Structure formats: C-alpha cells, structure tokens
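Each of the next two complexes has subunit A plus one other chain: subunit B in the first, subunit C in the second.
Here is the complex of A and B:
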C-alpha cells in the first residue's frame, strides 16, 4: 500500500465514520419516544410549567420528582393529552407532533393516583375497556384481558367486582387496563401513593420487573425521593414549574446542583460560606474563619469571593478521632452537643459549631460522647453549591 | 321482642317503631284502606250502599274513563321522556362542565326558588303567552310565518305538555345532578385516556353510574305528574281531561265510589311504576356487583 492509497483509505474511513455517526444520530433521534421543547402552561395568571424541555428514550424509566404544587402532575396530564399546553414549541410522540392532539387519540396511557377504575364494570370489563372503544370482538378482548391479568398476577379475577378488591389489586387492574393498548409510554401518577409501606415496596419491585419485561417507556410521577432513586434510569427534579435538575439517581443523590435539590434529596447540613480558591473542580471556602473543602456541584465554576453553600450528609460526619486524623482529606470543626435523638436504627446528634448547627448520624447508638468534641467529614463527601 | 334482644349492637327502639307504625297507619294506611273500601261500594241516592261489588270499577272502564287513564299515562310518559332528554345534558354540565362553585349555587337556587311560588301562579302565565292574541301568535304573524293565529297553542295537549315541562324539570335534574356529581373526575379522564370519545364515555360510564339518579328522577317526576290537577285544568281548558280532573268531576257529582275506584287505579299505576323503576335500577346495580362494599381478602 503506497502513501496515496493510505490517504485514500484514511479519507474513506473518516467519511465512513462520518456517515456512521450521522446514522447513529438518526437512530438516536428515532429512539426518542418523547420530545418536548419549550413547554409553558398557565392556569389563568398562575404559571404552572415554565420552559420545560424533555427527551425520553424508548424503554427508559424516567421519574418526575417534586413536592405537591411543583407542576409534576400537570406535566404528566399534558403528556397524556388530558390538558393542552398554553404554549409549546414542539411536543412530539414517536416523531409525530401531538401538541394539539387530544388524549383519546394519543398512544399513551395513564395509571391514575386513585386508579380511576369503573365501579359498574367487572375487573375483566375494566381491563377490556380500551379494546371495546376500538371495537375489538368480545372473544378477542377477553383473551387479551385474561393474558394481561395473568401478567399482573390476577389470574381468575376476570369476573370479580372492582369494589371487592384490595388497594394493591386495584392498582394491578389499573396497570393491566393501561397496558392493554400497548402504549408507547405508560404514565404513572403517584400510583403507589395510596398503598401501605410494605405493599408499596413490593409493588416498586414488581413495577420495575414489569417495565424491564415489556421494554416499555415509563414516566413516573412521585413525591418520594426513595421511590425515584430505587426505580428510575433518570430523575427530573421539579420545583415551581421548572426542571431544577435532570440526572441519574446516583448523580442526583451525590451531586445535587443547588440548595433546593440538596435539601430535597435530604442533605441535612447546609452551611453558607465564601469562596477562597478553586482548582480542578475542588473549591475551598471559608465560613466564619473555618476553611472547608469540597467539590463543586453547580453548573458554572465559582469565582473567589462568591457566596456558596457547603453541603454534606449527616451520616458522613463523625466525631473526631486521633487515629482517623487526616487533615488533607477532611474538614474539621469543633462543636458543643445540643441534642441526642435516638431513631432506632441510628442516633442523630445535633452539634452547635462556629459555622452553624451540624447534625451527625451515628450508627452506634451506645457511643459515649463528650459535651464538647471535634467533628470531621471527608472532603470528597462535601459538595459546594451556588448560594442563590 | 325476643328477636330484638338478640341484636345488641344496634338495639331496636320498640317505642319508636310503635309510634311510627301508629302514625303511619293513621295518616297513610287508614285513608288508603278507606279509599279501597269505598271503591267496592255503590252509591244510591248519593248514599253508599253497604254491599261489596265491583260496580264502581265496571263504571270506571265502561264510562270511557280508561281513555282518560291512557291519555294521562301517555302525557306523563312523554313529558318524563322530554325531562330526561333536557335534564341529562343540563345535569352533566352543572356537575362536570363547570368548576365555578358560585355559578353552581346560583343555578341550583334558580331551580329551587320557583318551587315557593304556587304552581297555579306559574302556570297561568302561559295563558297570556299562548293565547290567540298572545305575544307568541303575534310574533309568528308579524314575521310572516303564519297568516292567522294558531288555535292549538292554548287549551290543547300541546299547552298541557309545555306547561308540565317547567314545574317537573327540577325533580328530574336534582337526583341526576347528585348522582353524576358522585362520578369521580378521574374515571372520566381514564375513559378519555383509553381512547373513548365523549359519546362513548357518556354511554358506557356516565349513564350506567347515573342510573340510580335517573330512576329517582323518573319516580319523582312521573308519579306526581299523574296526579297533577293544576296544569291540565288551567292549560287544558276542558279539552284535555286527565285523571285528576276526572276524579274531581266525580267528586263534584258526589259519585264517591267511582272516584275512589279511579283513585285506586291511579294508586296502583304509581306503585307499579315505582316497583318497576326500583327493580330495574337495583338489577342494573347488583348485576355489576358494584353495590357490594365488602372487601374480600
């Protein structure tokens, strides 16, 4: 092979790679089952959703996490078509614009919070409802319904009345009823909210297994961070109609992007400080003359003098111990004990320090603590967030 | 006595039952029993003859009064049907179409307040409106739709039916409104979400769930309409004789036993209607086993 051939080859390869890249990007685009750009929604003068952008890949389990009034259920209703958005740049389902298509013509299905089962119909007739709408013959309807009832572990429930079911069983019927139409996306609006804790955990596992088995896209609305963390591929954290952070469960748990996200994800200790220096993602800040180090978790890197929040979880803070001493790797502060609360599995100790109150979560509830002691936590367990 | 002591959780109050039975017998049972008894007597020289016979009933059916019965039932059925057609969309709008509580209360009040006016006062207005020289005829003639005044507008079956629609509208709307109000919005959203058109949702979700209200509406509308005497008298003008007028005319000529027999016929029709409606609605409800609140483990 001479040099000219080599060049030609290289050219060919790079051209081919370019083509391949385009090909994959087209494929990638086709894989997006839902694409929302610039969605805004208002009830009268109250803005409930602001500039929502969202892409969902086929087969993905996406959770929309937020407290009540964050707009998460409204977002779900808009995806379902039960409400039409005030304004939207594009709302595409399987590559087709559906921004003005009503719910009954959209291939998505919702599992409602209180199930929305029809009380005058039997379990089987509830499951068949969507097929009856589509004028499927009754024999075929029954066959499909039985198959789905089997899938949600309700064999032999076809003729039962809906009011004879327990909460968990109703939940399964609602699930089967939605799955009967093989929707491109299954929307779930706090489906486990009405169940007791034990059942809720069982249903989480089952839902996840079902989603993997069917390879179906799930969008799951919840206010429980634990539910979102356990089940999702990706979490959207919402507050006051805006998506605050969009990340994997690990990303959201370990690196919340601002104070709201940090507090929502249950980070107990947040301390205001001022940036002193900043290098390679690590930020050194000062709070009341105490130097604290941690990694930057916001979007744009801060400048010296900027106000930041130093955040760390209570379980990462431990009482100071000579043997564990490691100044390079840890933040340290001394404090006076305020309270000691026994919580069963662990012990929450609240300390008053120069930089504010700090909670330590100790797993040894028999631990002897002196009134005044040093507290230490690893810099890699410390995150720095924009203060605003 | 022995039985009631065996049911401790909700002890039956014997005294209460006795009081109820006594007053119910006195105010309800005795008049009906009297009516029944009277209908089997005959009148001679305006005095009852204490000889049990079916003479009064024979007279009811021989004197053409069965035609009156048939006409009454026909008109009452037609008006009830019209009320259903009018009240269903109205009740649906009132319970699901508007979220404005103030508007709901205003509309419900607007439907209730006319009840405090006497029915005759409300009905007599139609006479002025529908008469030969009334505004309706005048407007129709002025716009050239008709050449001469329409004489069937008043003192006809038309005017009686028209006059009955207003007073019996609320009795159909209220039970329907209450039963539709009980349908959870989530159910309607679920139906739409599963692909149903509004029409499909109406037939397969709203109507079956509103059926108890519809049954109550039919009873409250149809039954009192059979006995209504005001509207047919004022707007029928003697041309549309219904059962109540027939009974009244019999009473006027002091033919008590035939009047009683006719009343018994009316009563049987009403009881029949109530039985049929409640049987049908319980059947609809229980066949779907939705009336069973128990949760089986």
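Here is the complex of A and C:
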C-alpha cells in the first residue's frame, strides 16, 4: 500500500465515522424518503385507491395529477397519516414503517388548499404551533417563526390576525407553518387552487425556488396539468384510484400511455384505428381506409388487427398544398371545414374528415383557408395508444 | 312593439298598506304587555307603600331594609350553589354532546341524538318534577334535597346549554384538527389548543343560560326541594303569605332582574356578538 492509497483509506474511514456519528446523517444518505408498496384504500365498499406503488427520492418534486375523485388527495392524506390505509404491504418513511403511525407522529407536513390556519391565533402563533407542540422554548420559537415568515416574504406579519390576510398571504403562512418543522416531505394539496390566475403563476415560481433552495422533498397534488408540467421532476397521473402513468413532464406530455392520459394531457385529436403492421416502435394503422403512421406509446407492443387510438395535438396539424408535399414522414387526410374559433393567440379550426373530426390549431390568424383542404401532421408527432 | 300595461295599477287586498301598519301596531302592543308589568315592578320597588297598589312617595328604603332582614340570604346561597353546579355540569355535558353531534356523518343519527337530548325542553316542568319525585321519593325512597334539585334543574337547563354549544360547534371547521394533527398535536392537545378555544364562547354562554334557568326554576323545585329552600321558592312563598316582608320582594326582584339581564346580555354577546370565524 503506497502513501496515496493510505490517504484514500483514511478519508474513507473518517467519512464513515462521520456518517455513523448520528442517525440523521445516515438517513440523509438513504435514497428513498418514501416507499409505498401495494397500497389499497376503501371507504366502505368504494375502492378509492388500488394497488399504489410509489418511491420518492430525497429532494424530488413529485406531482400527483388527476381530476377530482381520482384519489389523489386521499393518497396525500394517507402519506400524511391523516387516514390509515385499508391495506398496505409497506409504507416506509425514511426507511421506517409508518403504516400504522398517526399523523402527529410522522415527520411530514401538509399545506392544505383550505389553508387550515387557526383563526384564534396570530400569524406568528400559527407558524409556531408545531414547535410549541414539540416543547421548544418560546424565544427560540419566535426566532424561528420570524425567520420562516421572512422566507415566505411576510416580514412584520408576526402579530397580525390570520383573518386580515389575503388568500395568497394565508397560503404563505400555511407554508411557513409547515416548513418550520423541517419535514422529510412537504405535502401540498392543491395549495394554489383557491388563488387567482396571476397570483397562482407567481406562487408556482416561488414554490419551485423555495423547494430548490431548501432541497426539500415535495409531493404536490394538483388537477392542473399546466401546474404539474411547470413544477415537477416527475408526475404521477391518477385516475379512479390508480396510477395510470408515472413519467417526467416531457415524457407524460409527449408519450401518454393510454387514451385517458392522452386526453387528460390535452391531446385534442384521438382517432380509432386498426393495426396493420408494426416495426421498431412504429405502428401503421388503418382508419376508414386511410393509412396512418405513428410511434407506439403504450406498454406492450400491439399485434396486427388490434384496435388502437391514433393521437396527435391540434397544433401539430397544418393545412398543406401539393407544392410542399413530403409524403414519407407525414400523415395526410383531406377534410371539410366545420368551424373556426378565434381564441386570441391562435385559431382553432375544426375539420370533418373520413377518419373523424380533426382540430387544427393555427398560430397565424391571417391564414386563408379554403372550405376543403388537405391536413398534414408528422408521423413523429403521432402516437399510437391501446384502445382500451 | 312595446309592452305597455293594458290597465291602470290598483293594489290587490294583500298589497294594501294596512297590513304593514297592523303588524307594527300589534308588535308594539305585545311589547307593552311584556314590559309594562316589569316597569311597574321597578316603579313599585321605589314606592313608599307598594302594597297600596299605586306608585308615589318614592324612596329607596326597601333596598336598605333588604340588608336588615336577611331571611332571603340563605335561599339565595342555596340557589347560587345549585345554579353553579348545574351550570358547570351542563357546560361539560353540552361540550361533549355538541361536538359529537356536529361530527356525526349520518344526518339521521345527528337528528336522533338531538331529538333525544332536546326533548326535555318540550316536557312541561310540572311533569318532570312529578316524575322525578315519584321515581326517587316514592319508588326508591330517597330523601329530597339539594341533589334532587340539581338533577331536576340539570334536566331542564342542559338542552339550552347544548343549543348554545351547537351554535359554535356547527360553525367549527373540523379540518383545523387535521392541520393540528399534521403539525404534531395529539388528540388531547388538538382539543385543548384548537377546538376548545373556538368553542369556548358557546360553552360559556351555555353555562350562563344553564345558571339562569336553574336560578329561576320553580315548577320542578316545588316537588324536588324537600326541606331545602331556593330563592324563587322563597319569593313565591313570601308573596303568597301575608308576611310583613312582602314589600321587600319588589326590591329583591329588581336586583335579580338587573343581574340576570346583564348575564343574558353577556351570553348573547359571546354567542353572536363578534364573528371571529
């Protein structure tokens, strides 16, 4: 062993000694802060969550996206411990099984859409509440609360009553009140849902900055795909108590895995078709004698004859004339105009075609459209999905 | 083409202004019926010779002689003690039942619990008094006294205390308890630091109502008092007899009137005065 190796070993050993000195530092280096396996939940006979599996890495921003009634808020309540699951294989927080631990013994904290601020306490006392429960001396409490209020840009609000605050300010207080506890995971249940458009967008940016600054794990429940796409590292799309798809924002946006996901992610055009052939991820399908090509976005590759859905976004469809024809990498169909709707930034044109109605989104509102025209969209902008 | 009215407007019988005036005048008559006797009582308490039936020769001597003839003090203390006990127990019970009712998920269940707990309001006092007397004295052979008065008064006062608590309990947002649990508070801490402070006004108001109802109670007390004398019973006995103390009843009543009006005013202020939520 030469001198260099020796040094390396010493470093290695001292590094581990440092780790072993206290438990929390070991936990810090563990990768998954949350691990859920086989979670089911029912209210009476109504199954609200089915076989949920979820791992969340430390520092990750995970969004749970779904419409109301999809079970997303229930999932959050179960992670918070506000409800105990009907059955679960394992529910681990920081590597410890918490499947039967109530909310007040879990180191996670929730920011609710309804804020949940205590009306009889001042802003400062609200923020301090969790610390008071933990028997932190009052001077230290106050100091920490002031610091957190500063972080959420509410300096000087310590003594205010919570009823004098605006919606946005209440949300900041709720945020400070949760952050003060330095939770392993911050759970956010549609936190911006009650705010108006402009404020919501500002708060999105702020929340994201805060999350990066603190390096904290966020699980963010929302019904807004735009919110989920803007903020998340990863999105879980939920429907009827199941996780339909789990992907990055880009993945979910470009490659939804089934019809529900496609429609939820705002893909306007979905056309039923039958598979003709299939190679290297590309599928050729036929809808009413028109051949369409696109890449497979479902899980298992389809067989010829299978029913599929051909999906593409309205903004990818353009009217075209014979001159600029390039047949190879495009799908084409001719159609008759049904309606044109002016939307300010763009123009939505609805066309009736042999394969069903198709919406085109045109960004040039000066465009001259003839009653009958050809529509074209690239095969790489076309996805093929399982029909059921 | 315009839609002009085809005929001149005339008021139908139910649109006639006489109804509004009639309503107002009847209301005034009703209020006079209530307040004139009370005003008369106050006036007579300052009258030199109230038993003559006519005011005049005004004096405050009856108030001073209350201090000399102290027979009413003993019943007053008994009444105060019973009212305090009844009020305290009512506050505790009303809090327990009130927060339960506001949490019941099934509406039918909540209605049933409410109906059962509020029913004594609908049972005449004499009946409850007789029933309790027949049960405890005749059937079980207990001697009546302060304890039976307490039970009778509690049965009477509790529904009112419950109603007062319900006013605030139904307004309480149980999601706040989720917030508190989420921040680490255990069940008792959640109740004591979040729920109780928000229910407090209703609980105190309920306690005040219970206190007054017990303090004023006479119908049940007659059956349940045994040898114990409460203030209302004492006043009633004095007024019915030809004792020389009858004149003192006027001034005593005025003092009680003032005290209870203040209490009720305070209770209503707690319940409806400031809207904190």
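Descriptive notes on the structure:
Note that in this section the second predicted complex is superposed on the first by the 357 of 388 C-alpha atoms of A that agree within 3 Å, B and C clash if a C-alpha of one lies under 4 Å from a C-alpha of the other, contacts with A are read in each partner's own complex, and residues count from 1 in each chain.
Assume a residue touches a chain if its C-beta (ideal position, glycine included) is under 8 Å from a C-beta of that chain, and two chains touch if they have at least 3 such contacts.
As the structure is a prediction and not an experimental result, all values here were calculated from the model.
When both complexes are overlaid on subunit A, subunit B and subunit C end up clashing with each other. More residues of subunit A are touched by B (comparison of subunit B with subunit C).
Once the two complexes are overlaid on the shared chain, A:181 sits against subunit B and subunit C alike. By the document's definition of touching, neither partner reaches A:195: not subunit B, not subunit C.
When the two structures are aligned on the shared chain, A:166 is found in touch with subunit B, with no touch to subunit C.
In the overlay built on the shared chain, the residue A:271 is in contact with neither subunit B nor subunit C. In the superposed model, A:122 lies in contact with subunit B only, and not with subunit C.
The interface of subunit A with subunit B overlaps its interface with subunit C at residues 80-82, 102-105, 108-110, 112, 114, 116-120, 129-130, 133-134, 163, 177-178, 181.
Subunit A meets subunit B in the complex at residues 80-82, 102-105, 108-110, 112-122, 129-130, 132-134, 160-166, 177-178, 181. Chain contact summary for the complex, subunit B toward subunit A: residues 184, 186-187, 189-197, 200, 204-205, 208-209, 285, 288-290, 292-297.
Only residues 80-82, 102-105, 108-110, 112, 114, 116-120, 129-130, 133-134, 163, 177-178, 181 of subunit A touch subunit C when the two sit together in their complex. Across the interface of their complex, subunit A is touched by residues 173, 175-176, 178-186, 189, 193-194, 197-198, 276-277 of subunit C.
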